[in-house]
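Below you'll find the structure I mean.
Naming follows writing order (A, B and C), and every chain is counted from residue 1.
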Amino acid sequence: MGINAPLLLVLDLVGTFAFALNGALTAVRAERLDIFGVITLGMFTGLGGGAIRDVLLDALPPATFIDWRYLALAATGGLIAFVLTRRLDRIAMAITVLDAVGLSVFAVLGAYKALEMGFGVLQAVIVGTVTAVGGGTIRDVMIQRVPTVLTSELYAIPALIGALCAAVAYEAGYQGTLAALAAAAVCFAIRMVGVRFDLHAPQPPGQHDD
Amino acid sequence: MGINAPLLLVLDLVGTFAFALNGALTAVRAERLDIFGVITLGMFTGLGGGAIRDVLLDALPPATFIDWRYLALAATGGLIAFVLTRRLDRIAMAITVLDAVGLSVFAVLGAYKALEMGFGVLQAVIVGTVTAVGGGTIRDVMIQRVPTVLTSELYAIPALIGALCAAVAYEAGYQGTLAALAAAAVCFAIRMVGVRFDLHAPQPPGQHDD
Amino acid sequence: MGINAPLLLVLDLVGTFAFALNGALTAVRAERLDIFGVITLGMFTGLGGGAIRDVLLDALPPATFIDWRYLALAATGGLIAFVLTRRLDRIAMAITVLDAVGLSVFAVLGAYKALEMGFGVLQAVIVGTVTAVGGGTIRDVMIQRVPTVLTSELYAIPALIGALCAAVAYEAGYQGTLAALAAAAVCFAIRMVGVRFDLHAPQPPGQHDD
(Lines give C-alpha, C1' and ligand atoms only; values in the text may rest on other atoms or scores of the structure.)
Protein backbone atom coordinates (compact mmCIF):
# COMPACT_ATOMS: atom_id res chain seq x y z
CA MET A 1 0.00 0.00 0.00
CA GLY A 2 1.25 3.40 0.96
CA ILE A 3 2.50 5.33 -1.99
CA ASN A 4 1.68 2.57 -4.48
CA ALA A 5 -1.93 3.69 -4.83
CA PRO A 6 -2.00 6.10 -7.80
CA LEU A 7 -4.32 8.55 -6.05
CA LEU A 8 -1.98 8.83 -3.05
CA LEU A 9 1.03 9.26 -5.32
CA VAL A 10 -0.69 12.11 -7.14
CA LEU A 11 -1.63 13.75 -3.84
CA ASP A 12 1.93 13.34 -2.60
CA LEU A 13 3.25 15.05 -5.75
CA VAL A 14 0.63 17.81 -5.46
CA GLY A 15 1.69 18.32 -1.85
CA THR A 16 5.35 18.52 -2.82
CA PHE A 17 4.59 21.15 -5.45
CA ALA A 18 2.33 23.15 -3.10
CA PHE A 19 4.91 23.05 -0.28
CA ALA A 20 7.67 24.21 -2.63
CA LEU A 21 5.53 27.01 -4.08
CA ASN A 22 4.29 28.21 -0.70
CA GLY A 23 7.69 27.76 0.94
CA ALA A 24 9.49 29.74 -1.73
CA LEU A 25 6.85 32.49 -1.57
CA THR A 26 7.34 32.78 2.19
CA ALA A 27 11.10 32.93 1.73
CA VAL A 28 11.02 35.53 -1.03
CA ARG A 29 8.84 37.83 1.07
CA ALA A 30 11.04 37.58 4.14
CA GLU A 31 14.46 37.91 2.58
CA ARG A 32 16.25 39.34 -0.43
CA LEU A 33 17.21 36.14 -2.24
CA ASP A 34 18.56 35.43 -5.69
CA ILE A 35 17.01 32.90 -8.08
CA PHE A 36 19.18 30.11 -6.70
CA GLY A 37 18.09 30.94 -3.15
CA VAL A 38 14.38 30.99 -3.97
CA ILE A 39 14.44 27.67 -5.83
CA THR A 40 16.64 26.09 -3.16
CA LEU A 41 14.30 27.13 -0.35
CA GLY A 42 11.32 25.90 -2.36
CA MET A 43 13.02 22.52 -2.76
CA PHE A 44 13.96 22.40 0.93
CA THR A 45 10.35 23.10 1.90
CA GLY A 46 8.96 20.49 -0.48
CA LEU A 47 11.55 17.77 0.07
CA GLY A 48 13.07 18.45 3.50
CA GLY A 49 10.42 16.70 5.58
CA GLY A 50 10.75 13.50 3.58
CA ALA A 51 14.54 13.64 3.88
CA ILE A 52 14.43 13.87 7.69
CA ARG A 53 11.85 11.06 7.70
CA ASP A 54 14.21 8.82 5.76
CA VAL A 55 17.12 9.63 8.09
CA LEU A 56 15.02 8.67 11.12
CA LEU A 57 13.79 5.47 9.45
CA ASP A 58 17.24 4.54 8.06
CA ALA A 59 15.68 4.59 4.58
CA LEU A 60 18.50 6.50 2.87
CA PRO A 61 19.01 7.66 0.18
CA PRO A 62 15.88 9.82 0.61
CA ALA A 63 13.01 8.60 -1.58
CA THR A 64 12.28 12.10 -2.86
CA PHE A 65 15.94 12.53 -3.85
CA ILE A 66 16.08 9.49 -6.13
CA ASP A 67 12.70 10.12 -7.83
CA TRP A 68 13.15 12.89 -10.42
CA ARG A 69 9.41 13.75 -10.35
CA TYR A 70 9.67 15.06 -6.78
CA LEU A 71 12.84 16.99 -7.60
CA ALA A 72 11.29 18.49 -10.75
CA LEU A 73 8.00 19.47 -9.10
CA ALA A 74 9.75 21.04 -6.12
CA ALA A 75 12.11 23.01 -8.37
CA THR A 76 9.17 24.10 -10.56
CA GLY A 77 7.26 25.32 -7.51
CA GLY A 78 10.26 27.41 -6.46
CA LEU A 79 10.73 28.79 -9.97
CA ILE A 80 7.06 29.82 -10.26
CA ALA A 81 7.32 31.57 -6.90
CA PHE A 82 10.42 33.41 -8.14
CA VAL A 83 8.77 34.62 -11.36
CA LEU A 84 5.22 35.30 -10.21
CA THR A 85 5.68 36.45 -6.60
CA ARG A 86 3.25 39.37 -6.79
CA ARG A 87 0.58 37.77 -8.93
CA LEU A 88 0.39 34.76 -6.65
CA ASP A 89 -0.98 36.99 -3.89
CA ARG A 90 -4.32 36.90 -5.68
CA ILE A 91 -4.61 33.15 -5.25
CA ALA A 92 -3.31 33.06 -1.68
CA MET A 93 -6.29 31.03 -0.43
CA ALA A 94 -5.86 28.42 -3.17
CA ILE A 95 -2.20 28.04 -2.18
CA THR A 96 -3.16 27.69 1.50
CA VAL A 97 -5.61 24.93 0.58
CA LEU A 98 -3.01 23.08 -1.52
CA ASP A 99 -0.53 23.49 1.32
CA ALA A 100 -3.06 21.86 3.69
CA VAL A 101 -3.39 18.99 1.22
CA GLY A 102 0.37 18.56 1.35
CA LEU A 103 0.39 18.70 5.16
CA SER A 104 -2.31 16.00 5.35
CA VAL A 105 -0.81 13.63 2.78
CA PHE A 106 2.73 13.99 4.13
CA ALA A 107 1.59 13.28 7.71
CA VAL A 108 -0.37 10.16 6.73
CA LEU A 109 2.13 8.73 4.25
CA GLY A 110 5.01 9.46 6.62
CA ALA A 111 3.26 7.48 9.36
CA TYR A 112 2.46 4.64 6.91
CA LYS A 113 6.06 4.39 5.78
CA ALA A 114 7.22 3.99 9.39
CA LEU A 115 4.58 1.33 10.11
CA GLU A 116 5.34 -0.61 6.93
CA MET A 117 9.00 -0.67 7.94
CA GLY A 118 8.04 -2.20 11.28
CA PHE A 119 8.27 0.80 13.60
CA GLY A 120 5.73 1.31 16.41
CA VAL A 121 2.76 3.69 16.61
CA LEU A 122 4.72 6.25 18.67
CA GLN A 123 7.51 6.36 16.09
CA ALA A 124 4.97 6.51 13.24
CA VAL A 125 3.24 9.54 14.75
CA ILE A 126 6.56 11.34 15.25
CA VAL A 127 7.71 10.50 11.72
CA GLY A 128 4.40 11.56 10.17
CA THR A 129 4.51 14.90 11.97
CA VAL A 130 8.17 15.46 11.07
CA THR A 131 7.49 14.65 7.40
CA ALA A 132 4.69 17.22 7.37
CA VAL A 133 6.41 20.10 9.16
CA GLY A 134 10.13 19.38 8.65
CA GLY A 135 10.53 21.12 5.31
CA GLY A 136 9.00 24.40 6.45
CA THR A 137 11.11 24.26 9.59
CA ILE A 138 14.35 23.98 7.60
CA ARG A 139 13.26 26.90 5.40
CA ASP A 140 12.49 29.09 8.42
CA VAL A 141 15.86 28.34 10.01
CA MET A 142 17.57 29.28 6.71
CA ILE A 143 15.81 32.66 6.47
CA GLN A 144 16.49 33.44 10.14
CA ARG A 145 12.98 33.01 11.44
CA VAL A 146 11.98 31.07 14.52
CA PRO A 147 10.05 28.22 12.84
CA THR A 148 6.41 29.31 12.73
CA VAL A 149 5.43 25.74 13.53
CA LEU A 150 6.91 26.25 17.01
CA THR A 151 5.24 29.54 17.76
CA SER A 152 1.91 30.03 16.11
CA GLU A 153 -1.02 28.69 14.14
CA LEU A 154 -2.57 25.25 14.24
CA TYR A 155 -0.13 23.61 11.85
CA ALA A 156 1.74 20.81 13.60
CA ILE A 157 -1.23 19.72 15.72
CA PRO A 158 -3.43 18.68 12.75
CA ALA A 159 -0.46 16.82 11.25
CA LEU A 160 0.08 15.01 14.53
CA ILE A 161 -3.62 14.08 14.81
CA GLY A 162 -3.73 12.93 11.17
CA ALA A 163 -0.65 10.76 11.69
CA LEU A 164 -2.17 9.36 14.88
CA CYS A 165 -5.46 8.49 13.13
CA ALA A 166 -3.53 6.82 10.31
CA ALA A 167 -1.38 4.81 12.72
CA VAL A 168 -4.30 3.66 14.88
CA ALA A 169 -6.33 2.67 11.81
CA TYR A 170 -3.33 0.85 10.36
CA GLU A 171 -2.79 -1.13 13.56
CA ALA A 172 -6.53 -1.94 13.62
CA GLY A 173 -6.19 -3.49 10.17
CA TYR A 174 -7.45 -0.60 8.05
CA GLN A 175 -4.46 -0.25 5.75
CA GLY A 176 -6.08 0.61 2.41
CA THR A 177 -6.26 3.83 0.42
CA LEU A 178 -9.64 4.71 1.94
CA ALA A 179 -8.28 4.64 5.50
CA ALA A 180 -5.34 6.82 4.43
CA LEU A 181 -7.65 9.32 2.77
CA ALA A 182 -9.91 9.42 5.85
CA ALA A 183 -6.96 10.15 8.15
CA ALA A 184 -5.71 12.82 5.74
CA ALA A 185 -9.22 14.33 5.67
CA VAL A 186 -9.17 14.65 9.48
CA CYS A 187 -5.86 16.53 9.31
CA PHE A 188 -7.09 18.69 6.42
CA ALA A 189 -10.35 19.59 8.21
CA ILE A 190 -8.60 20.61 11.45
CA ARG A 191 -6.04 22.66 9.54
CA MET A 192 -8.69 24.51 7.51
CA VAL A 193 -10.80 25.19 10.62
CA GLY A 194 -7.65 26.59 12.22
CA VAL A 195 -7.03 28.84 9.20
CA ARG A 196 -10.66 29.99 9.09
CA PHE A 197 -10.89 30.89 12.77
CA ASP A 198 -7.24 31.81 13.29
CA LEU A 199 -6.75 29.25 16.05
CA HIS A 200 -3.48 28.80 17.94
CA ALA A 201 -1.99 26.18 20.21
CA PRO A 202 -1.75 27.11 23.92
CA GLN A 203 1.10 29.37 25.06
CA PRO A 204 3.05 28.84 28.31
CA PRO A 205 1.20 30.15 31.38
CA GLY A 206 2.04 33.73 32.39
CA GLN A 207 3.10 34.82 28.90
CA HIS A 208 -0.33 35.72 27.53
CA ASP A 209 0.09 39.33 28.49
CA ASP A 210 3.41 39.90 26.77
CA MET B 1 29.44 -2.75 27.97
CA GLY B 2 28.40 0.76 27.29
CA ILE B 3 24.74 1.32 27.89
CA ASN B 4 24.14 -2.26 29.04
CA ALA B 5 25.19 -1.47 32.60
CA PRO B 6 21.99 -0.54 34.49
CA LEU B 7 23.63 2.38 36.30
CA LEU B 8 24.81 3.94 33.03
CA LEU B 9 21.39 3.43 31.46
CA VAL B 10 19.74 5.23 34.37
CA LEU B 11 22.25 8.07 34.15
CA ASP B 12 21.66 8.29 30.39
CA LEU B 13 17.91 8.55 30.95
CA VAL B 14 18.42 11.12 33.72
CA GLY B 15 20.62 13.12 31.36
CA THR B 16 18.00 12.97 28.60
CA PHE B 17 15.34 14.24 30.98
CA ALA B 18 17.58 17.01 32.36
CA PHE B 19 18.64 18.13 28.88
CA ALA B 20 15.01 18.27 27.73
CA LEU B 21 13.88 20.16 30.83
CA ASN B 22 16.76 22.63 30.73
CA GLY B 23 16.61 23.00 26.97
CA ALA B 24 12.88 23.71 26.94
CA LEU B 25 13.32 26.22 29.79
CA THR B 26 15.98 28.06 27.81
CA ALA B 27 13.75 28.10 24.75
CA VAL B 28 10.64 29.29 26.56
CA ARG B 29 12.55 32.20 28.08
CA ALA B 30 14.03 33.30 24.77
CA GLU B 31 11.02 33.04 22.51
CA ARG B 32 7.26 33.10 22.53
CA LEU B 33 6.49 29.45 21.78
CA ASP B 34 3.32 27.40 21.91
CA ILE B 35 3.06 24.06 23.74
CA PHE B 36 4.13 22.15 20.65
CA GLY B 37 7.19 24.36 20.26
CA VAL B 38 8.30 23.99 23.88
CA ILE B 39 7.96 20.20 23.91
CA THR B 40 9.62 19.94 20.48
CA LEU B 41 12.61 22.01 21.56
CA GLY B 42 12.87 19.99 24.77
CA MET B 43 12.95 16.78 22.72
CA PHE B 44 15.50 18.23 20.27
CA THR B 45 17.75 19.20 23.19
CA GLY B 46 17.43 15.81 24.87
CA LEU B 47 17.61 13.61 21.77
CA GLY B 48 19.39 15.69 19.10
CA GLY B 49 22.95 14.94 20.17
CA GLY B 50 22.34 11.20 20.05
CA ALA B 51 20.71 11.52 16.62
CA ILE B 52 23.73 13.32 15.12
CA ARG B 53 25.98 10.73 16.79
CA ASP B 54 24.10 7.92 15.07
CA VAL B 55 24.27 9.67 11.68
CA LEU B 56 28.05 10.03 12.02
CA LEU B 57 28.44 6.40 13.13
CA ASP B 58 26.01 5.04 10.51
CA ALA B 59 23.95 3.60 13.38
CA LEU B 60 20.55 4.68 12.05
CA PRO B 61 17.74 4.64 12.98
CA PRO B 62 18.80 6.71 16.01
CA ALA B 63 18.87 4.63 19.21
CA THR B 64 16.93 7.26 21.16
CA PHE B 65 14.24 7.32 18.46
CA ILE B 66 13.42 3.61 18.67
CA ASP B 67 13.46 3.40 22.49
CA TRP B 68 10.18 4.86 23.82
CA ARG B 69 11.72 5.58 27.23
CA TYR B 70 13.99 8.26 25.77
CA LEU B 71 11.12 9.74 23.76
CA ALA B 72 8.82 9.76 26.79
CA LEU B 73 11.37 11.27 29.18
CA ALA B 74 12.35 13.98 26.71
CA ALA B 75 8.71 14.88 26.05
CA THR B 76 7.98 14.89 29.79
CA GLY B 77 10.90 17.23 30.42
CA GLY B 78 9.56 19.62 27.80
CA LEU B 79 6.02 19.43 29.19
CA ILE B 80 7.18 20.17 32.74
CA ALA B 81 9.14 23.17 31.47
CA PHE B 82 5.99 24.38 29.69
CA VAL B 83 3.78 24.10 32.76
CA LEU B 84 6.17 25.12 35.53
CA THR B 85 8.42 27.68 33.84
CA ARG B 86 8.39 30.20 36.66
CA ARG B 87 8.53 27.80 39.59
CA LEU B 88 11.54 26.03 38.11
CA ASP B 89 13.59 29.19 38.62
CA ARG B 90 13.80 28.29 42.31
CA ILE B 91 15.63 25.05 41.56
CA ALA B 92 17.89 26.48 38.85
CA MET B 93 21.04 25.11 40.50
CA ALA B 94 19.59 21.61 40.73
CA ILE B 95 18.77 21.74 37.02
CA THR B 96 22.28 22.94 36.21
CA VAL B 97 23.72 20.01 38.15
CA LEU B 98 21.44 17.51 36.38
CA ASP B 99 22.38 19.09 33.06
CA ALA B 100 26.07 18.57 33.90
CA VAL B 101 25.29 14.92 34.64
CA GLY B 102 23.74 14.65 31.17
CA LEU B 103 26.73 16.38 29.58
CA SER B 104 29.14 13.95 31.26
CA VAL B 105 27.21 10.76 30.54
CA PHE B 106 26.46 11.72 26.93
CA ALA B 107 30.13 12.54 26.25
CA VAL B 108 31.41 9.27 27.71
CA LEU B 109 28.72 6.98 26.29
CA GLY B 110 28.98 8.69 22.89
CA ALA B 111 32.71 7.99 22.83
CA TYR B 112 32.17 4.39 23.96
CA LYS B 113 29.60 3.75 21.23
CA ALA B 114 32.08 4.92 18.58
CA LEU B 115 34.88 2.75 20.03
CA GLU B 116 32.67 -0.32 20.31
CA MET B 117 31.73 0.10 16.64
CA GLY B 118 35.42 0.08 15.71
CA PHE B 119 36.11 3.79 15.18
CA GLY B 120 39.37 5.38 16.30
CA VAL B 121 40.12 7.57 19.32
CA LEU B 122 39.91 10.79 17.28
CA GLN B 123 36.46 9.87 15.97
CA ALA B 124 35.34 8.76 19.44
CA VAL B 125 36.31 12.11 20.97
CA ILE B 126 34.45 14.02 18.23
CA VAL B 127 31.38 11.81 18.56
CA GLY B 128 31.36 12.06 22.36
CA THR B 129 31.56 15.84 22.21
CA VAL B 130 28.87 16.05 19.51
CA THR B 131 26.57 13.77 21.51
CA ALA B 132 26.95 16.02 24.52
CA VAL B 133 26.54 19.43 22.89
CA GLY B 134 24.59 18.65 19.67
CA GLY B 135 21.09 18.83 21.14
CA GLY B 136 21.58 22.26 22.70
CA THR B 137 23.14 23.50 19.47
CA ILE B 138 20.08 22.47 17.43
CA ARG B 139 17.82 24.19 19.96
CA ASP B 140 19.82 27.42 19.82
CA VAL B 141 19.73 27.46 16.02
CA MET B 142 15.94 26.98 16.14
CA ILE B 143 15.39 29.90 18.52
CA GLN B 144 17.72 32.16 16.53
CA ARG B 145 20.61 32.24 18.93
CA VAL B 146 24.25 31.75 18.07
CA PRO B 147 24.85 28.42 19.86
CA THR B 148 26.12 29.29 23.34
CA VAL B 149 28.50 26.36 23.09
CA LEU B 150 30.41 28.29 20.39
CA THR B 151 30.63 31.57 22.26
CA SER B 152 30.72 31.25 26.00
CA GLU B 153 31.03 29.16 29.13
CA LEU B 154 33.08 26.05 29.69
CA TYR B 155 30.58 23.61 28.23
CA ALA B 156 32.09 21.84 25.22
CA ILE B 157 35.61 21.67 26.68
CA PRO B 158 34.65 19.46 29.66
CA ALA B 159 32.69 17.20 27.30
CA LEU B 160 35.71 16.93 25.01
CA ILE B 161 38.02 16.13 27.94
CA GLY B 162 35.57 13.58 29.35
CA ALA B 163 35.29 11.86 25.96
CA LEU B 164 39.08 11.90 25.62
CA CYS B 165 39.56 10.32 29.06
CA ALA B 166 36.98 7.66 28.23
CA ALA B 167 38.58 6.89 24.87
CA VAL B 168 42.13 6.68 26.24
CA ALA B 169 41.00 4.47 29.14
CA TYR B 170 39.04 2.27 26.73
CA GLU B 171 42.05 1.81 24.47
CA ALA B 172 44.19 1.04 27.52
CA GLY B 173 41.84 -1.81 28.39
CA TYR B 174 39.71 -0.08 31.03
CA GLN B 175 36.31 -0.67 29.48
CA GLY B 176 34.10 -1.29 32.52
CA THR B 177 31.44 0.78 34.22
CA LEU B 178 33.96 2.13 36.72
CA ALA B 179 36.17 3.60 33.99
CA ALA B 180 33.14 5.19 32.33
CA LEU B 181 32.03 6.72 35.62
CA ALA B 182 35.53 8.05 36.29
CA ALA B 183 35.69 9.72 32.88
CA ALA B 184 32.22 11.17 33.40
CA ALA B 185 33.30 12.44 36.83
CA VAL B 186 36.22 14.32 35.23
CA CYS B 187 33.82 16.02 32.81
CA PHE B 188 31.33 16.76 35.59
CA ALA B 189 33.99 18.25 37.87
CA ILE B 190 35.40 20.56 35.18
CA ARG B 191 31.90 21.68 34.19
CA MET B 192 30.90 22.46 37.78
CA VAL B 193 34.16 24.32 38.45
CA GLY B 194 33.43 26.34 35.30
CA VAL B 195 29.90 27.14 36.54
CA ARG B 196 31.16 28.05 40.02
CA PHE B 197 33.90 30.40 38.85
CA ASP B 198 32.22 31.52 35.62
CA LEU B 199 35.11 30.35 33.46
CA HIS B 200 35.22 30.80 29.68
CA ALA B 201 37.25 29.37 26.82
CA PRO B 202 39.78 31.76 25.20
CA GLN B 203 38.55 34.36 22.70
CA PRO B 204 40.40 35.27 19.49
CA PRO B 205 43.30 37.67 20.07
CA GLY B 206 42.45 41.35 19.64
CA GLN B 207 38.78 40.95 20.48
CA HIS B 208 39.06 41.17 24.25
CA ASP B 209 38.39 44.87 24.24
CA ASP B 210 35.22 44.74 22.16
CA MET C 1 38.76 6.95 -10.37
CA GLY C 2 37.43 9.82 -8.37
CA ILE C 3 39.45 10.48 -5.30
CA ASN C 4 41.94 7.72 -6.05
CA ALA C 5 44.00 9.93 -8.33
CA PRO C 6 46.71 11.50 -6.11
CA LEU C 7 46.35 14.93 -7.71
CA LEU C 8 42.60 15.03 -7.00
CA LEU C 9 43.16 13.84 -3.43
CA VAL C 10 45.65 16.65 -2.85
CA LEU C 11 43.25 19.20 -4.34
CA ASP C 12 40.43 17.82 -2.16
CA LEU C 13 42.60 18.22 0.94
CA VAL C 14 43.66 21.70 -0.14
CA GLY C 15 40.00 22.60 -0.61
CA THR C 16 39.10 21.27 2.83
CA PHE C 17 41.84 23.36 4.42
CA ALA C 18 40.88 26.48 2.46
CA PHE C 19 37.19 26.10 3.27
CA ALA C 20 37.95 25.65 6.96
CA LEU C 21 40.31 28.64 7.04
CA ASN C 22 37.97 30.92 5.10
CA GLY C 23 34.88 29.67 6.93
CA ALA C 24 36.41 30.23 10.34
CA LEU C 25 37.59 33.70 9.29
CA THR C 26 34.06 34.60 8.21
CA ALA C 27 32.67 33.31 11.49
CA VAL C 28 35.18 35.08 13.69
CA ARG C 29 34.45 38.41 12.01
CA ALA C 30 30.69 38.07 12.36
CA GLU C 31 30.42 36.82 15.91
CA ARG C 32 32.23 36.82 19.22
CA LEU C 33 33.27 33.17 19.41
CA ASP C 34 35.64 31.29 21.69
CA ILE C 35 38.42 29.02 20.41
CA PHE C 36 36.11 26.01 20.40
CA GLY C 37 33.55 27.92 18.35
CA VAL C 38 36.05 29.12 15.75
CA ILE C 39 37.59 25.68 15.20
CA THR C 40 34.14 24.05 15.17
CA LEU C 41 32.82 26.43 12.53
CA GLY C 42 35.98 25.94 10.49
CA MET C 43 35.45 22.19 10.62
CA PHE C 44 31.76 22.54 9.73
CA THR C 45 32.66 24.67 6.71
CA GLY C 46 35.36 22.28 5.53
CA LEU C 47 33.58 19.00 6.24
CA GLY C 48 29.84 19.82 6.27
CA GLY C 49 29.26 19.64 2.53
CA GLY C 50 30.78 16.18 2.31
CA ALA C 51 28.71 15.02 5.28
CA ILE C 52 25.42 16.09 3.66
CA ARG C 53 26.60 14.47 0.42
CA ASP C 54 27.12 11.16 2.19
CA VAL C 55 23.70 11.35 3.88
CA LEU C 56 22.03 11.90 0.49
CA LEU C 57 24.02 9.07 -1.10
CA ASP C 58 23.57 6.69 1.85
CA ALA C 59 27.36 6.53 2.12
CA LEU C 60 27.56 6.90 5.90
CA PRO C 61 29.68 7.19 7.96
CA PRO C 62 30.86 10.35 6.17
CA ALA C 63 34.12 9.80 4.30
CA THR C 64 35.66 12.96 5.73
CA PHE C 65 34.78 11.83 9.26
CA ILE C 66 36.65 8.53 9.08
CA ASP C 67 39.77 9.93 7.36
CA TRP C 68 41.88 11.74 9.98
CA ARG C 69 43.63 13.85 7.31
CA TYR C 70 40.42 15.72 6.54
CA LEU C 71 39.66 16.17 10.24
CA ALA C 72 43.19 17.39 10.96
CA LEU C 73 43.34 19.82 8.03
CA ALA C 74 39.93 21.27 8.82
CA ALA C 75 40.82 21.73 12.49
CA THR C 76 44.17 23.29 11.53
CA GLY C 77 42.44 25.73 9.19
CA GLY C 78 40.13 26.80 12.01
CA LEU C 79 43.02 27.11 14.47
CA ILE C 80 45.05 29.29 12.09
CA ALA C 81 42.02 31.54 11.59
CA PHE C 82 41.67 31.83 15.37
CA VAL C 83 45.31 32.81 15.93
CA LEU C 84 46.01 34.93 12.87
CA THR C 85 42.65 36.61 12.16
CA ARG C 86 44.05 40.08 11.53
CA ARG C 87 47.19 39.10 9.65
CA LEU C 88 45.20 36.95 7.26
CA ASP C 89 43.48 40.06 5.91
CA ARG C 90 46.67 40.78 3.97
CA ILE C 91 46.32 37.57 1.98
CA ALA C 92 42.57 37.81 1.46
CA MET C 93 42.86 37.32 -2.30
CA ALA C 94 45.01 34.20 -1.90
CA ILE C 95 42.38 32.76 0.45
CA THR C 96 39.60 33.58 -2.02
CA VAL C 97 41.51 31.74 -4.75
CA LEU C 98 42.08 28.70 -2.55
CA ASP C 99 38.39 28.78 -1.60
CA ALA C 100 37.49 28.73 -5.31
CA VAL C 101 39.76 25.70 -5.73
CA GLY C 102 37.82 23.98 -2.95
CA LEU C 103 34.50 24.94 -4.51
CA SER C 104 35.55 23.49 -7.86
CA VAL C 105 37.03 20.25 -6.56
CA PHE C 106 34.15 19.61 -4.15
CA ALA C 107 31.56 20.15 -6.89
CA VAL C 108 33.27 17.81 -9.35
CA LEU C 109 34.23 15.08 -6.87
CA GLY C 110 30.77 15.22 -5.28
CA ALA C 111 29.18 14.63 -8.67
CA TYR C 112 31.64 11.83 -9.45
CA LYS C 113 30.91 10.06 -6.17
CA ALA C 114 27.18 10.07 -6.97
CA LEU C 115 27.76 8.75 -10.50
CA GLU C 116 30.15 6.04 -9.34
CA MET C 117 27.51 4.88 -6.86
CA GLY C 118 25.01 4.55 -9.71
CA PHE C 119 22.94 7.71 -9.26
CA GLY C 120 21.70 9.68 -12.28
CA VAL C 121 22.97 12.94 -13.75
CA LEU C 122 20.29 15.01 -11.99
CA GLN C 123 21.22 13.56 -8.61
CA ALA C 124 24.94 13.98 -9.38
CA VAL C 125 24.50 17.68 -10.14
CA ILE C 126 22.53 18.24 -6.93
CA VAL C 127 25.05 16.31 -4.85
CA GLY C 128 28.01 18.11 -6.41
CA THR C 129 26.45 21.51 -5.69
CA VAL C 130 25.50 20.50 -2.14
CA THR C 131 29.01 19.21 -1.46
CA ALA C 132 30.45 22.53 -2.61
CA VAL C 133 28.12 24.94 -0.80
CA GLY C 134 26.76 22.84 2.11
CA GLY C 135 29.55 23.56 4.57
CA GLY C 136 29.35 27.33 4.24
CA THR C 137 25.57 27.14 4.53
CA ILE C 138 25.76 25.29 7.86
CA ARG C 139 28.27 27.85 9.13
CA ASP C 140 26.03 30.77 8.14
CA VAL C 141 23.01 29.24 9.85
CA MET C 142 25.10 28.77 13.02
CA ILE C 143 26.23 32.39 13.13
CA GLN C 144 22.71 33.68 12.44
CA ARG C 145 23.22 34.82 8.88
CA VAL C 146 20.97 34.07 5.94
CA PRO C 147 23.31 31.81 3.93
CA THR C 148 25.19 34.08 1.52
CA VAL C 149 24.88 31.36 -1.10
CA LEU C 150 21.11 32.04 -1.19
CA THR C 151 21.35 35.79 -1.47
CA SER C 152 24.41 37.06 -3.23
CA GLU C 153 27.51 36.46 -5.31
CA LEU C 154 28.08 33.93 -8.01
CA TYR C 155 28.98 31.05 -5.72
CA ALA C 156 26.48 28.22 -6.14
CA ILE C 157 26.02 28.75 -9.89
CA PRO C 158 29.65 27.94 -10.82
CA ALA C 159 29.51 24.87 -8.57
CA LEU C 160 26.33 23.74 -10.31
CA ILE C 161 27.83 24.27 -13.76
CA GLY C 162 31.05 22.49 -12.78
CA ALA C 163 29.08 19.51 -11.45
CA LEU C 164 26.97 19.48 -14.61
CA CYS C 165 30.07 19.49 -16.85
CA ALA C 166 31.60 16.68 -14.80
CA ALA C 167 28.40 14.60 -14.95
CA VAL C 168 27.88 15.06 -18.68
CA ALA C 169 31.53 14.23 -19.41
CA TYR C 170 31.32 11.19 -17.15
CA GLU C 171 28.22 9.88 -18.92
CA ALA C 172 29.93 10.50 -22.27
CA GLY C 173 32.77 8.23 -21.18
CA TYR C 174 35.29 10.84 -20.07
CA GLN C 175 35.88 9.60 -16.54
CA GLY C 176 39.57 10.24 -16.04
CA THR C 177 41.50 12.77 -14.00
CA LEU C 178 41.80 15.09 -16.97
CA ALA C 179 38.04 15.35 -17.44
CA ALA C 180 37.61 16.04 -13.73
CA LEU C 181 40.22 18.77 -13.83
CA ALA C 182 38.61 20.33 -16.91
CA ALA C 183 35.19 20.45 -15.23
CA ALA C 184 36.77 21.90 -12.10
CA ALA C 185 38.55 24.50 -14.23
CA VAL C 186 35.19 25.61 -15.69
CA CYS C 187 33.79 26.11 -12.18
CA PHE C 188 36.96 27.88 -11.04
CA ALA C 189 36.97 30.24 -14.02
CA ILE C 190 33.31 31.25 -13.60
CA ARG C 191 33.81 31.79 -9.88
CA MET C 192 36.89 33.96 -10.36
CA VAL C 193 35.20 36.02 -13.10
CA GLY C 194 32.32 36.52 -10.67
CA VAL C 195 34.71 37.69 -7.94
CA ARG C 196 36.59 39.99 -10.32
CA PHE C 197 33.49 41.70 -11.72
CA ASP C 198 31.31 41.34 -8.60
CA LEU C 199 28.60 39.44 -10.48
CA HIS C 200 25.36 38.31 -8.85
CA ALA C 201 22.61 35.85 -9.72
CA PRO C 202 19.23 37.40 -10.72
CA GLN C 203 16.91 38.69 -7.98
CA PRO C 204 13.12 38.23 -8.02
CA PRO C 205 11.34 40.74 -10.29
CA GLY C 206 10.16 43.91 -8.56
CA GLN C 207 12.75 43.78 -5.80
CA HIS C 208 15.56 45.55 -7.64
CA ASP C 209 14.58 48.90 -6.21
CA ASP C 210 14.54 47.87 -2.56
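Keep in mind that, in the parts below, a residue touches a chain if its C-beta (ideal position, glycine included) is under 8 Å from a C-beta of that chain, and two chains touch if they have at least 3 such contacts.
Protein names from UniProt, one per chain: A, B, C = Membrane protein.
These numbers come from a predicted model, not from an experiment.
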item	value
Proportion of interface numbers common to chain A and chain C (over half same, under half different)	different
Fitting chain A to chain B on CA atoms, where both chains share a sequence, rotation angle to nearest 5 degrees	120
Between chain A and chain C, centroid-to-centroid distance (C-alpha), Å	30
Residue numbers of chain B (touch at least two other chains)	55, 60, 141, 144
Interface residues, chain A side, partner chain B - complex	55-58, 60, 119-120, 122-123, 126, 137, 141, 144-147, 149-152, 156-157, 160, 200-207, 210
Footprint of chain A on chain B - complex, ascending	28, 31-38, 40-41, 51, 55, 60-62, 65-66, 68, 71, 82-83, 85-86, 141-144
